[in-house]
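Going in written order, the chains are labelled A, B, C and D, and every chain counts its residues from 1.
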Amino acid sequence: MTDLEGPRDHCGVFGVYGHEDAAKLTYFGLYALQHRGQESAGIVASDGKKISEYKSMGLVHDVFKEETLERMPGHLAIGHVRYSTTGSSLLINAQPFTVRHAGRTISLGHNGNLINAHGLRKRLEQEGSIFQASSDTEIIVHLIAKNLWLGFEEAVVKALGMVKGAYSLTMMTEDMLIAARDPKGFRPMCLGSLNGGWVVASETCALDLIEAEYVRDVEPGEILFIDKNGVKSVKPWPETRSAFCIFEYIYFARPDSNIYGHNVYAIRKRQGAELAKEYPVDVDVVMPFPDSGNYAALGYAEARSMPLDLGMIRNHYVGRTFIQPSQTMRDFGVRVKLNPVKALLKDKRVLVIEDSIIRGTTARTRIKAIKDCGVKEVHMVVSCPPHRFPCYYGIDFSSRGELIACDNSVEDIAKYIGLDSLGYLSLDGLISSTKVEKEWFCLACFDGDYPEGPIDGLSKHCME
Amino acid sequence: MTDLEGPRDHCGVFGVYGHEDAAKLTYFGLYALQHRGQESAGIVASDGKKISEYKSMGLVHDVFKEETLERMPGHLAIGHVRYSTTGSSLLINAQPFTVRHAGRTISLGHNGNLINAHGLRKRLEQEGSIFQASSDTEIIVHLIAKNLWLGFEEAVVKALGMVKGAYSLTMMTEDMLIAARDPKGFRPMCLGSLNGGWVVASETCALDLIEAEYVRDVEPGEILFIDKNGVKSVKPWPETRSAFCIFEYIYFARPDSNIYGHNVYAIRKRQGAELAKEYPVDVDVVMPFPDSGNYAALGYAEARSMPLDLGMIRNHYVGRTFIQPSQTMRDFGVRVKLNPVKALLKDKRVLVIEDSIIRGTTARTRIKAIKDCGVKEVHMVVSCPPHRFPCYYGIDFSSRGELIACDNSVEDIAKYIGLDSLGYLSLDGLISSTKVEKEWFCLACFDGDYPEGPIDGLSKHCME
Amino acid sequence: MTDLEGPRDHCGVFGVYGHEDAAKLTYFGLYALQHRGQESAGIVASDGKKISEYKSMGLVHDVFKEETLERMPGHLAIGHVRYSTTGSSLLINAQPFTVRHAGRTISLGHNGNLINAHGLRKRLEQEGSIFQASSDTEIIVHLIAKNLWLGFEEAVVKALGMVKGAYSLTMMTEDMLIAARDPKGFRPMCLGSLNGGWVVASETCALDLIEAEYVRDVEPGEILFIDKNGVKSVKPWPETRSAFCIFEYIYFARPDSNIYGHNVYAIRKRQGAELAKEYPVDVDVVMPFPDSGNYAALGYAEARSMPLDLGMIRNHYVGRTFIQPSQTMRDFGVRVKLNPVKALLKDKRVLVIEDSIIRGTTARTRIKAIKDCGVKEVHMVVSCPPHRFPCYYGIDFSSRGELIACDNSVEDIAKYIGLDSLGYLSLDGLISSTKVEKEWFCLACFDGDYPEGPIDGLSKHCME
Amino acid sequence: MTDLEGPRDHCGVFGVYGHEDAAKLTYFGLYALQHRGQESAGIVASDGKKISEYKSMGLVHDVFKEETLERMPGHLAIGHVRYSTTGSSLLINAQPFTVRHAGRTISLGHNGNLINAHGLRKRLEQEGSIFQASSDTEIIVHLIAKNLWLGFEEAVVKALGMVKGAYSLTMMTEDMLIAARDPKGFRPMCLGSLNGGWVVASETCALDLIEAEYVRDVEPGEILFIDKNGVKSVKPWPETRSAFCIFEYIYFARPDSNIYGHNVYAIRKRQGAELAKEYPVDVDVVMPFPDSGNYAALGYAEARSMPLDLGMIRNHYVGRTFIQPSQTMRDFGVRVKLNPVKALLKDKRVLVIEDSIIRGTTARTRIKAIKDCGVKEVHMVVSCPPHRFPCYYGIDFSSRGELIACDNSVEDIAKYIGLDSLGYLSLDGLISSTKVEKEWFCLACFDGDYPEGPIDGLSKHCME
């Protein structure tokens, strides 16, 4: 699975308070979080009085020009990168989502997915609320607006108390930065400091880039109100079993990020080492699908004292979309992105290491390209268990039909992909690689045990 | 050295004759050759009567849209990707360079650098020739136009006989594809076949992508005239010592390409193995600068039975240019592209493997980022000898001042970069890794022995 | 006063129901209404189920491309052209304004200005309503949303009952076209028929262009609900004195339009004839400021049996903005647009005819250009009385400071402009030219008698 | 005939030497000459050493932005506006045409058409010259380059001595402005002065706009070399009968221009007066087709002491192209641009005054729109004789097939257009209106007497 074609996390968030170049820092923060969303990018900044915003479809480096950022002065900013399911890929759904209401500006960027969005929206509309877009995020803003008579901070607490599901969010007004994480802590979020100011981000790699110091992870159920008086932490809800998405450790998070102090690179290498124990296949060449399988492959090769090879060369100049070959040509698509080194693979027994298999189609075309080189055998090991259940908490495989492992045995999957053998890491092996207790995770995509109970008849209607 | 900042080869060329989708094949061919030039891209196609062309600044996938290619019908096409030195980065210098002259269209794409361009141009202007742009390529076209009374093929031979230096070029008229390589064969070029048609390309990776069959390398001093009568080979000049650029094997060519039957990936791994023999440094972590150092690093680790690590994470979403951090921020530039995995490197002795050092500035900032992680020691080995002499045959380090090794000892370079030790592969080790005879190569950038004799007072005035 | 620099009417509206090319008809309708708003243009269309919309800053012919309209199928459409005061010249304020609410789409285009907008908006926000833009139009939409529990048509009546001021508006849902005019009928609006379908438009010239048949003017206080059952007229409010804006007859409306059966061209010629009676100045050349003064000039010359001259040549290729001459040049601005024919004017006594003077600055620079030709005398007559009072009902001179006649005598104005004499048409002469009773008009900009009573302390906060 | 659809003159030229804002003055000069060419616009400027240029398709105000002009410093500039026949409407043919040759830059803008271009080009190509574009202009540049060994001024004289046909051209090098007019003086060109500097322009209206003082017309066969030493006039050729295009007085030139001291506005009014003598038709309404017929209409009405009406309202917001009505609509095209005032025309006998009829199609659709208003009769008079012969000297009716009067009697034309009667001004009446001798003019389009003798088998192959 590679970042261009695998499941795509729904968004990265970033916020900074107390740095004179808040918008530029946010730009760099989003750069570091780009892997969490490549569809649109947005920044909102404030100098304490005036809010400026800019968002557009595209990658961070395409969306923002120097001039744009220079027109966004101030010490306070939030930013957002987004990926969304087809159909709502519209600029109007790009974030942060900003409203000017009753003399105040409220802007909000959201990572996660609410599971009671549909009902909340319906009720609000009946009461006369008019929605601009189709995102969950706007529901939160309307709930805040309805409760502003309680005071702003109380309105935020009240609004978040009404939504269910996954959210790591950054919010701002003209003079305050707010960060909040849902009570189960599905998505990551961390707090950093920088020259007396404060930074919040989806992952620590964003802190590294701007040389902010890591302070701690934002806790599940915690809301931070950050302004000139400093950081005020509120935890309005009773503690509950946490449910962190283990797939962040397998695929989503960047390897140079730490989550709750655990380094993602190290965990992925351990996943490779566990795979080496479970599947010591006898081959001539050990290679990853780049770059998603790289880290488990390093661990696998090291554990078995075997040399590693990078048997597919990644083309770094591939655009997000490209022209389809005409019908007289065979499918060049896969070779445009990744070309196998024929001279290396010919007449060899090859083991490919990958982090996960979702639909199986990408693996299939890549394995075919490898087999076209004239290999003797081709095997594959995957650094997590089969994905059998859809995710309702912010990952883009929300129906059973999208998951090949849902209705097929491992043997059938191997056959579909064209492998001589296929091995998945066991759930125990996976947990063991994290060095964290099983209870701490949401494992629903592997075992169907949804943290907020069974979700009947829910078709995930919209995701952020 | 990485592809975005290292020396940049001057251009890739591609041509196809006898395939109904010639322009689209050329598009895919250029995609595979993008590493040879990222500044502009162009395609010219012909259906036997009408020529269509499109070129623009930018990467192949930005320049060409589906509609553009659909307006370029025909069975014959050539394409070009270009990098150039500052100052002539203008669309007018983008290639292929096309003229309509006396009822015929001539289009030409060029990889290399002519060393007698200045004098030829001056003489042509005195005779009334009017030049459109500043590239060497146009000189060849004027020389052909002046000699057309000899007949087209004779005019091509006559024109090429007047130029000196490096050229691998593809040319076309309405109904003929021409490929030519200078007598010393500085730059690579190969011939392939596809369903009865013919393909020429700078590297074999372009043949792989379109599933063309490799036939042979175009020979030094050979001109191919390809039309409905097939391929006609002409070798108008006496044989001479060849002078293939060894830097293609070290850095320029893609690892999945073969040149003269030698696989680049395998040669680079052997460079790593030679380095392991010459510099068996005692360290905890062995890592490359991605991606240029990857292959030598694999060979080094394998030769010493050490595990490999990918200690810097490459951000795949970096644009070619990006916004500069403001002065209140320290330089984020290097971390935007490559972030070291602090958790892996802290308190370790680290060995970094790289393919070459040109100016030393990039290595310096990267080593600094690694040292900021709190490493105990940091060493570096480089898979070629020091670059001491400028190149006049098509590579972008044309003055001694651009080469750190020109006036500095290895110790001084190590100190400048901030290393505990630095080792360069010996020239013998390098030659040995290629398994080819030393006499076959141009090694001028290492030993100053220029294949066409000493070049006095030449300041390379313009390059393609 | 010319259309590029004079007072600018706030918007033209158009709607069609029951024609298969509704969006294209609307495009042509807006073309005919372009003089009423040149800042943005928008069309919303429906095929009975699906709504499509497109709006952008710019003129109709710039905003809409053939492809755009082809993606807007359906038998129902509304359109809007807009001019606004500085500050809210944003795309977000472009109209029609569309919301998707509770399963229904409501789209609205508005010509006029509400005088109780500020208070209504404040109350709605306190109840939790979130506004997207700053236009009055959105208030009407929110009022409808709040009252939808009454049923759609009742909600429209209820909402319009709450707003005060001037509005001629077209509205639509997926399957209904609505047209409404405020009880005093400030702004014009007419109803036409076309092949069994229905058309509403600000002016009859839009009916002419699409060859629709004029049926009648929409009456003050009337709401038309038009759907597959035909046209339903509702008049929910008690009859009141009408207050039609007389400035439509003087300047705004196109001369080929009829309003309440009176042809604008004919009325303007009669204004010229009245001027001829009031100011029979003895001159050599009678000429208008093109094109706004053309019609009164024709009437003036005819009434006095004098030849007419077109002494200033209009440049038809002037963009809306243009580059300012640098300081070493004198002001070329006026001559770029209108160049006087020196050979005609030199040594002559000249009378210029214009429709109105608002700030006086444009007239001043033009008169200067005429005087630079070496005229003997220059006189001016204006086809309406002096503008002494601001307009709160949709015309862009909303503060007394913008009106030169507010604080200056006619003699002072003549002196400021540089005239030998200046004459304004009397109010009686103006009324007489219309052949309508005085009571039928809003004459507030001339006599300060506002139709809805004195407006204290009102600074017109936003206009449509 | 109106400027958007009538014959289109091929280009306007402008040049300035000795003013610090040369490029900006040229911008304003081109603004005034826009009626001579609306397809592309270009400016080249020099500060004595460095040349800057910018040209693009489109109108002057679209092509040039403030920033563009600010990057074009210097005291010397030339500019060009162009219209061309279909097929060569390419940016590459936009002018001024600039080459850098042998250390000098030569730039040239051309108004006119060469009649021996084809043969000259063929000969140059045989000698090895390579052309960039298809315009006549480039031939002149190549001829200069070939003769530079004679010295620059001599080379210009030599080159112009080899071309035949119509040319009014402005040329420049880094430090010299050149203006030249062909020996017969087909196209206009004048010289002005401004604060010690010099200006050349196609028409005097361009001098007026920038407040330059008219000095004199450039004479037929004259070449002006203007540099720091002042204006040097060269007349290398024997004097010959002049052949000024009379159509400039009828249609092309702006009414506020003077040519050879004769004011165009006055001449056109006299054409109307002559028409009144020749065709005193008995009607109720006298009106022009705006704006091309306006001036003759003024003269006609004045001569007969009849009132004038502007019976068609011109829409000032029409783009150059617009969306075609779909097939279910009748042709809205004519009414989009010009709407007749039905209330004025109904039941009247109408006389329309127009300057010329070329193909007759535009007149036909407009007359139809007038007849649709229910007029009793409609007559038309035209202020020149019938166009019976094509023009080879720079006007866009170059084949007999494009001219309705070529093969049709006046009665047939009247019938085709739908008129009750049609009258053309006699050739004598036309000459009389100019107050110049008949021998001074080229009247070939009316009488077929071509100034350089019969042109056999010539199909005008390319025009500037």
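Keep in mind that, in the parts below, a residue touches a chain if its C-beta (ideal position, glycine included) is under 8 Å from a C-beta of that chain, and two chains touch if they have at least 3 such contacts.
What you see is a predicted model; the values in this text were computed from it and never measured.
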{"item": "Shortest contact path, chain A to chain D, counted in steps", "value": "2"}
{"item": "Of all other chains, the one whose Cα centre sits farthest from chain D", "value": "A"}
{"item": "Rounded Å distance between chain A and chain C, as computed from the means of their C-alpha atoms", "value": "52"}
{"item": "Length of the line joining the C-alpha centres of chain B and chain C, rounded to whole Å", "value": "64"}
{"item": "Whole-Å gap separating chain C and chain D, where each centre is the average of the chain's CA atoms", "value": "37"}
{"item": "Chains touching one another, given as label pairs in label order", "value": "A-B, A-C, B-D, C-D"}
{"item": "Interfacial residue positions of chain A with respect to chain B in the complex", "value": "3, 19-21, 24-25, 27-28, 31-32, 34-35, 38, 59-62, 64-66, 69, 205, 208-211, 254-256, 258, 263, 265-266, 291, 294-295, 298, 301-302, 305, 307-310, 313-319, 321-326, 328-330, 332, 335-336, 339-344"}
{"item": "Contact footprint of chain D on chain B as seen in their complex", "value": "99-102, 125-132, 141-142, 145-146, 148"}
